[in-house]
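Two complexes, one shared chain (subunit A), two partners (subunit B, subunit C).
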Partner chain A sequence: MLSLRFPISVEKVPLNVNRSPCPSSKAQNLSCSSCSRSAWQRAFAGATGLAAREEDKEVNGRMALTGDLVKLEEPLPSGLRWELMPRHVAVIMDGSARWARRRGLPASSGHEAGVRSLKELVELCGKWGIRILTVFAFSSENWSRPKAEVEFLMGLFERVIEFELQNFSREGVRISTIGDSSRLPKSLQKLLNKAECSTKDNSRLHLVVAVSYSGKSDIAQACKSIAHRVRDGLIQLEDVDEELIEEELATSCCEFPCPDLLIRTSGELRLSNFLLWQLAYAELFFSEALWPDFGKAEFVEALRSFQQRLRRYGSRES
Partner chain B sequence: MSSLAIHLLWLLIHLVISIFFFVLKIANVLESYLISSGFLKKYESINVGKLRYLAVVVDSEDALQINKVIKLVQWLADIGVKHVCLYDNEGILKKSKDIILKNLSCVKLFEEGDEQSLRGKKTMSLEFASQSDGKEALAKAANLLLKKHLKLRSLGENQEEKIFTEAHMTEALRAVGSGGPEPDLLLVYGPVRCHLGFPAWRLRYTEIVHMGPLKSLKYGSLLKAIYKFTLG
Partner chain C sequence: METESSVTGGYRRRFTGFLRKCMFSVLSMGPVPNHIAFIMDGNRRYAKKRNLQLGEGHRAGFASLMWILGYCYELGVKYVTIYAFSIDNFKRRPNEVQVLMDLMLEKIDELLKEESLVRQYGIQLYFIGNLKLLSDNVREAVERAMEITAKNNKLVLLICVPYTSTDEILHAVEESCQDKLDHSQAVKQTNGSTDHCNQTSQEDHEHDIKVVDIEKRMYMAAAPDLDILIRSSGETRLSNFLLYQSDKCQLYSPAALWPELGLWHFVWAVLSYQRSYSYFEKKRKQL
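Showing the complex of A and B:
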């Protein structure tokens, strides 16, 4: 239900981007002089219209603010508060083949349209301060799809990564992959390694692509890794606990391994073996839109839904 | 003057949207009443056989409303669901297991092999789970596999590839007392659309439906959620 804090976002975007924390930004660092607001916006702009970005601090499951000011790249749509933005968003990009079938097109057209949706989402996440975006590109179960479709998808991944690599570097996007890469074509494996190495110092957005990934296999391989560490005398058997397993999961490459928000498109209500361990306390948002139709409006709806709910991470509010 | 006009316009928009949500809520309540009363015929013949295993996640604060939980489980038994798992993060439902079972008819505690033994009978099996059956149990199962691996290694056999498989993990979970089938459908009762740490190993292809807080528990909504699942 709407409250009186229904804000209208600032129309213009006069503010520059400053992703990394600015050491001297104790002072007001907003270039608001060119910020023109209409009378409408003056009447309704609340605290959320301010382009303030402060250091995150978690309080009772919500993000609260302390610290310095940096600049937003783009004002958030109305109803969204930047201090409640999720740090890590995971997406199951489902529905591309169905989208193509409805239009009488081959599945390949659906996947290509899906790439455009992904590019838009990466852009929005970068602009709105989301730190990590994990996307489920190809599951280990997908290997059983028709050979032609699988080959097309592998080719598509290669083309997109090769094409976008320079953009990622320019946009400050760091790429990582999770999943069993040994099943991927050698050329794709090589390209993914190259992409990971060349973007490893980028810090604006961490894009994690799950390819040939299975949540259960992730947990099993974590146990295997722990076995190696015990065998090598690095840890004792008694040290094996939940935290250790989490450290060995594929998502340990991320600053925040557990997603705050999971979005699945196409109306399916399942996790489909994606990040099973990591999604324990994630807000689950199931969108009816097919993946190629998932755009800014749908993403805003998911973020609004996330921000409206109080998440307690299993504890009780005192 | 203009700011007053804008303020009035804002109040008008707020009113329109509030009315819209109010009407939507009334429509949901009405639909639920119609389903419960049997006016909507399509809900009378649900193919419950498609729903082999149902799990219910209850927010720990809501789990204190034991009467509501008992009502929910009895409804599920009356609908004909054969196997139900009740989960709450803090284990409140586990601790209240005896009270819950005492107040239910045709419901028994879950045991391995119930799927076969309860076929054709009216009895429903009920399992209780909590956080300790989730990540904690996976860590214990990992320990078990690790001990097995170390033992085999000490005998000179390197069985690593054969020990750390998904199938062995499933077995190990059963051995530590946290086995159990993968639910077909998971209903979440709580303020947040989140499964609150339900055993991750069992959620691979489970459909997850958020039902809202337990205080707004309605038979019609429950029946509708199960009906929609059986259609798919």
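Showing the complex of A and C:
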């Protein structure tokens, strides 16, 4: 009988140290039984190049013969460790218009080039086991851009989603949108609903697209909703806590609503009203690359930076 | 009798002060940030680096804060917010929490002395956060400091202790709900049960909680929009600080540990802000 000897001792494998708790949850309160199971899976993964999924179900036909262990679809670049990969990555896709201007092209060319970057990022996230990718496609402030540019962007969203819908299903991508959809053209609203419904059972990667979104409005509507429920006697004031507010945010559609890593391209050092509550403990990475130039190398750089950071959540390492 | 080195040191200080004033004169020809916030990270690492006791690291951090406050005052910044103690920091070892609370008491006393910057510069102290979580003696010192400095108006120093942004938002929601419930009770008692049908729709409108109701109950409603958020020690995360207020502000995370943060970091932060200012103004006018 073969005996398996793990080169990596289970105790030394970091357990979820890089996973962002939402502000209402406590990272330290992981249950011991789930820790030890995850630790065993990660030790085995490190030894064999296989990766462990945390849930016990088939993932779009990608379950390996070894039970709930699946093969990573593409090996991670050197220097990246599977057990330190972020679970949820958020991206502010900035710089498309500037990219076009530098080339003497219209802004529309920049946005189209940006779509190619997004497709590559979605593919990489899927291959490398990142569960959720949230992208800031259009902010509530962007409505004040020139009308022609706004109309072009709305049209671009429709074309891309229409075109990619079949791919999403084939690739196991679930699509959701967050933001004030009432301001979007009716045809786009209808298409987004259709995309959400038709992909809701996909589980390889959850792509959340923030369109007409404002982090402040997200918090405000959550607070208002809770306040009205208190007013109407549906909940008691004493029952209102941070977890309840989080459940009312637009990101409650996600399994892990809070990003571990936020990437902003184009060198700007701002959050621009994106996911404010949800970014409480996220690591922020600012890339100098303009969005259409953000590719695999730049993403790996962001992931390397993320993996090197020590996350303390207000306490101290002993 | 003055030694040659102390005379030279005196000249050097005066010259450095003169250079700094010239630099600030140039900076103030451009837009000056009205509100700067600091996450003062790195005191403990500083102490470890220099083989000092933990408390000495925090004391060095306090000295750094006084310098930064001086720069803000000289440049004309009106509001400075500092993340002195997060609610999450209560998870630290009890002796470290006690060291921090004792240091806070010591420094509040120092700040209220005649010769301190607070008195010299006319700084108003504002303690922001869930003060009920503080021990009685610290809370009393905090309230006393706010009372004594209430009439100062040259610069407002908002000290977040103990604070998290999500707790601030939660508190604002709770207060809004409580106020509306109290108002609703008062109206019912005054009006009785007559004309109930007409009053129901009117009451609904009055009881409708608006975003402005929640915003005005946030601890940070005392300060204007945030212009720059600076976190020292090279960490780039917000750690649950001013999430709601940082939607448009400039972020800056120098690698220097907090006690090492100096004039050049401050100047660089202001220059970055000024470079992006035209962009910010355009966005503000559009909204």
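FYI, the second predicted complex is superposed on the first by the 243 of 318 C-alpha atoms of A that agree within 3 Å, B and C clash if a C-alpha of one lies under 4 Å from a C-alpha of the other, contacts with A are read in each partner's own complex, and residues count from 1 in each chain.
Assume contacts are C-beta pairs under 8 Å (C-beta built on N, C-alpha and C of every residue); 3 or more make two chains touch, one makes a residue touch a chain.
Remember, predicted model here, so these are calculated numbers, not experimental data.
Partners subunit B and subunit C, brought together by superposition on subunit A, clash. Once chain A of one complex is fitted onto chain A of the other, the partner contacts of A:Ser144 are limited to subunit C, with no touch recorded for subunit B.
Within the superposed three-chain model, A:Leu237 lies in touch with subunit B and with subunit C [touch as defined at top]. In the superposition on chain A, A:Cys223 makes contact with both subunit B and subunit C.
In the superposed model, A:Leu279 lies in contact with both subunit B and subunit C.
In the superposition on chain A, A:Phe163 makes contact with neither subunit B nor subunit C.
When the two complexes are overlaid on their common chain A, residue A:Ile245 makes contact with subunit B and with subunit C alike.
Clashing C-alpha atoms between subunit C and subunit B turn up only in stretch 115-123, chosen from 7-15, 115-123 or 277-285, once the structures are aligned on chain A. Comparing the two complexes, residues 215-216, 219-220, 223-224, 226-227, 230-231, 237, 240-242, 245, 268-273, 276-277, 279-286, 309, 311, 314, 316 of subunit A contact subunit B in one case and subunit C in the other. Of all residues in subunit A, those touching subunit C in their complex are 23-24, 28, 141, 144, 215-216, 219-220, 223-224, 226-228, 230-231, 237, 240-242, 245, 268-273, 276-277, 279-286, 309, 311, 313-316. Across the interface of their complex, subunit B is touched by residues 1-2, 4, 6, 39-40, 43-44, 215-217, 219-224, 226-227, 230-231, 237, 240-242, 244-245, 268-273, 276-277, 279-286, 305, 309-312, 314, 316 of subunit A. On the side of subunit B, the complex with subunit A involves touching residues 2-3, 6-7, 10, 14, 17-18, 21, 60-61, 89-90, 131, 134-136, 138-139, 142-143, 145-147, 149-150, 153, 160, 163-166, 169, 191-198, 200-201, 203-210. Subunit C meets subunit A in the complex at residues 44, 86-89, 91-93, 96, 164-167, 169-170, 172-174, 176-178, 180-181, 184, 207-211, 213-215, 235-240, 243-244, 246-252, 272, 276, 283, 286-287.
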